[in-house]
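The structure follows.
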Amino acid sequence: MATTEKQKSDITHKYLRPQKSFPSVWCPGCGNGIVMGAFVRVVDKLGYSKDEVAMVSGIGCTSRLPVYLDFNSLHTTHGRALAFATGVKFGQPKMKVVVITGDGDALAIGGNHFIHACRRNIDITCILINNHTYGMTGGQGSPTTPEDAISTTTPYGNVEKHFDPCDLAMAAGATYVARGTVTHYPQMEKIISAGLEHEGFSLIEIISNCHTYYGRLNRKGDAPAMLEQFKENAITTGKAKKMDEQELVGKYVIGKLHEDNVKSEFCCEYQKLIDHQKG
Amino acid sequence: MSKLLDKIEIPKDRFEIRLSGSGGQGMIFGSVVLCEAIGQSGNKSVVQSQSYGPEARGGASKADVVISDNEIYYPKAMKLDLLLAMTQESLDKYYGDLKDHGVLIIDTSLVTEIPTEEFYGIEFTRLARNEIGSIVVSNVMALGAICALTGLFTKEALTEAVLARAPRGTEERNTKAIEIGYAEALKIKKD
Amino acid sequence: MSDSNQAGQEKTTPKKKSKYDFTDDNLPLEINLSWCKACNICIAMCPQQIFEPDRDGRPVQTRPADCTQCTICWVHCPDFCIISTVK
Amino acid sequence: MANKKKKLLQGNGACVEGAIYAGMTFYAGYPITPSTEIAEGCAKILPKLGGRFIQMEDEIASIAAIIGASITGHKAFTGTSGPGYSLMSESLGYAYMTETPIVVVNVQRGGPSTGLPTKVGQADTMQARWGTHGDYNAIAIAPSTVGECLTETIRAFNLAERFRTPVTVLLDEVMGHMREIIELPEKGDHEVFDRVKPTAKPEDFEAFEMTDNLVSPMPSYGEGYRYNVTGLTHDVHGFSTNRTDETIMKLDKLYNKIEHFKDEIFKSRVELVDDADVIFISYGTVSRAALQAMQIARKAGAKVGSIQLYTIWPFDYEMIKRATKNCKKVIVAEMNMGQICHEVQKVLDPSIKLETVQRYDGEIITPMELLEKLEEVL
């Protein structure tokens, strides 16, 4: 039986926690909700059972996401989601472990855990929702705040350089790296799906909007306006290859950036070790 | 009132050994093997402890072993019953911890200034070099001597303990070292 | 059931450009206004511009007949308020 | 007794043996002197038993990983020393809040900061009680021999599982590295407690339900319960709350699940206190010096007793009060500038004088120092 439009649009409701009150805590138009919808639709499409999915998050706006979904959820300390997730995945390798994190959580306080999870190539899907700021604490500068951008802690413009999370993940050894934006919905579903199915560490960076702080301070308008800007500034990987560095400033290269299916996954390797040692 | 300190004595059921030398002479290895040999030879309690840290490499190195038929309370040595000094530095440092008429064993190939007449001197390092061709086994040779001089454990138990811990291929050298140490000690043993 | 009715209707109304027919009493979308935070995303992103904001900024389907069920509104709704009525 | 397998082990190694005996199957850690042998031991043995060992990027990640693993059903374990324990403090609080059973061994060295990495100390005693922010109740235990490193680690796991809480085992450098020949226990020699699993249907399940003993049954991830775990103050379902009544309920539960059942946790060795004029109070390695000093002093005619605390937290005030009621003086000996002595002082009869022997130079307190103090106070 073919799924109807009604059923398709209603999938998310099957995965929302009945005990939680909605709407969510996020600001009107926050991209976190869009990513959340994409994630559950992908899980539904892939046919994972709710029991086999564990969602781990740290602290921040983004990290409130798992609590709304009817999976095993672990809302941890700031920056440590990947370390907790490593324990969950290594402790129960058959689980699909997903880390939902933000730019501050993953790259500042959790930067060390981030690069080491990449290095280990442990089969965790890390969805990093990058809104270029600390939303929950009120718009401070983050490791992805662009140069010159205004935040409450860079009131005269950011003088620091910013991280590119995807470059960082690739350099550190992640074996699936892709970027999308909340505006490019079908592509976002595609990369989340590929990340979940990939065996190894996958980083899915989703460029998202914090119009409440980042948008307001940098005169980027409301949520629809920011989503529109993502559309204008997104460049597909194919197009980006033909552009030089100068042309790519301020643009988001979206699509699959890296995939390595040869490098072995950590839990599998350890299982081999166990099998060998147990004899 | 005072006098408590005048009346106290170290419990007689404790036998305290210190192996001392320089880092690399295998004092800690020796103490571990000693414990295992004693453990095999009956129901005695043993505690081994060691000086630990960067200074243990190169500088003075020591390991204490306390042996008793009963529960051992304080795990470190209080007044030594036996001191093995493989270097001048270690002898100078620890001689004061040896009780009156305690057993003092000295590597006389390296130690020249000895503050007492009451000691057993064996040239462990020289014998190891000349008879076995490796000074590495001088510590094991010293254990052979301790075995002969104290009777705390059997030579067989010592050999077994050494061979269980020593790297493969060194069995012959180590067995020979024990034999030499044991024999040399018997030669000079006083009753 | 109603599925076959609608499928039938689709075929018998060739003059409509859109894939589905939405008469005034048969809206293309069901909007849960109690969850809606009036973020404006659906209103701004709809390629057919079927919505207009009410006085609280929440979407009202003012041109339902133009809806093509393109999914853009409901996939981008951060609060899962929009559900298609097409069964 | 004679037939049992004997082994020469370091205190750190005995902790590993104890953990394995207790059913530990997951270790995550970061090397730090003087606890590293625990990690090394686990790295060697766990794969052979089908367990899992992972060296994390730091102590913060280590404790995070064992909490994650505990939630998937493992008995999880880590070993560290002062600086690492400090780094673990934040997530230790998370484990208290989320009621996750874990065991952390802190092989204490001289501090603060990097301090004396290869030397002994007992100055993390208060940190084991108050190390992380907020209100909670903590369990910390302190063995004093290599044999006890094994048995107390088993007890630590049992307490962690029984009370759904982190348990800290306080060792020190001397104990971690000292070797003794110990008997390895056989199956059945010691009780091994496993966490209580829920029997409710998933739809009726309350992750943090109030039970008679205040400990909620704990399912593992993947068993169909799909509950939420958060470090935020949460209600019985595990969802965050700001409500004052629910906050009080949660914090009271954290506190009282230990406070109301502390008799199950207390353990001490009380020797010859009935007729004693002076009583030593100590814990960990220092207790061995105290027992030695007591033995020597008794032989010399002095009426001396000793109290050794195996359970440090919760603190057994009643026992201290009872055991010291006939004595004239109490000597608290510890390798710090005075931590447990303040707890003792709280319950000591005003007529009893509290004396202390403290050492914080990286060396162990000797029986001789205790005897000198004894002579001074007698």
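By written order: A, B, C and D. Residues from 1 in each chain.
As a convention for this text, contacts are C-beta pairs under 8 Å (C-beta built on N, C-alpha and C of every residue); 3 or more make two chains touch, one makes a residue touch a chain.
Only a predicted model underlies this, so the values are computations on that prediction, with no experimental measurement involved.
Between chain A and chain B, tell me the centre distance in angstrom, where each centre is the average of that chain's C-alpha atoms.
Each chain reduced to its C-alpha mean, chain A and chain B end up 62 Å apart.
Mind checking the centre-to-centre distance between chain A and chain D? Centres are C-alpha means, answer in whole Å.
From the centre of chain A to the centre of chain D is 39 Å.
Centroid of chain B to centroid of chain C, CA atoms only: how many Å?
Roughly 90 Å separates the two chain centres.
Where the centres are mean C-alpha positions, what is the separation of chain C from chain D, in Å?
62
Chain touch graph shape: choose line, ring, star, complete or other and state it.
It is a line, because the chains touch in a row without closing up.
Chain pairs that touch, all of them, please.
Listed in label order, the chain pairs in contact are A-C, A-D, B-D.
For the complex, give me every residue of chain A touching chain D.
Going through chain A, the ones touching chain D are 17, 19-20, 50-52, 54, 56, 66-67, 70-77, 80, 83-92, 94-95, 112-113, 116, 270, 273-274, 277-278.
Touching chain C in the complex: which residues of chain A?
Touch residues, chain A against chain C: 4-6, 8-10, 12-13, 16, 22-24, 26-34, 36-38, 41, 182-183, 185, 222-225, 227-228.
Going by the contact rule at the top, pick out the chain D residues touching chain B in the complex.
Residues 2, 6, 8, 34, 117-119, 145-146, 173-174, 177-181, 285, 288-289, 291-292, 295-297, 299-302, 364, 366-368, 371-372, 374-375, 378 of chain D touch chain B in their complex.
Mind listing the chain B positions that touch chain D in their complex?
1-2, 4-5, 7-11, 32, 35-36, 38-39, 43, 45-50, 52-54, 72-76, 78
Contact residues on chain C for chain A in the complex?
For this pair, the touching residues of chain C are 3, 35-41, 43-45, 69, 71-72, 74-87.
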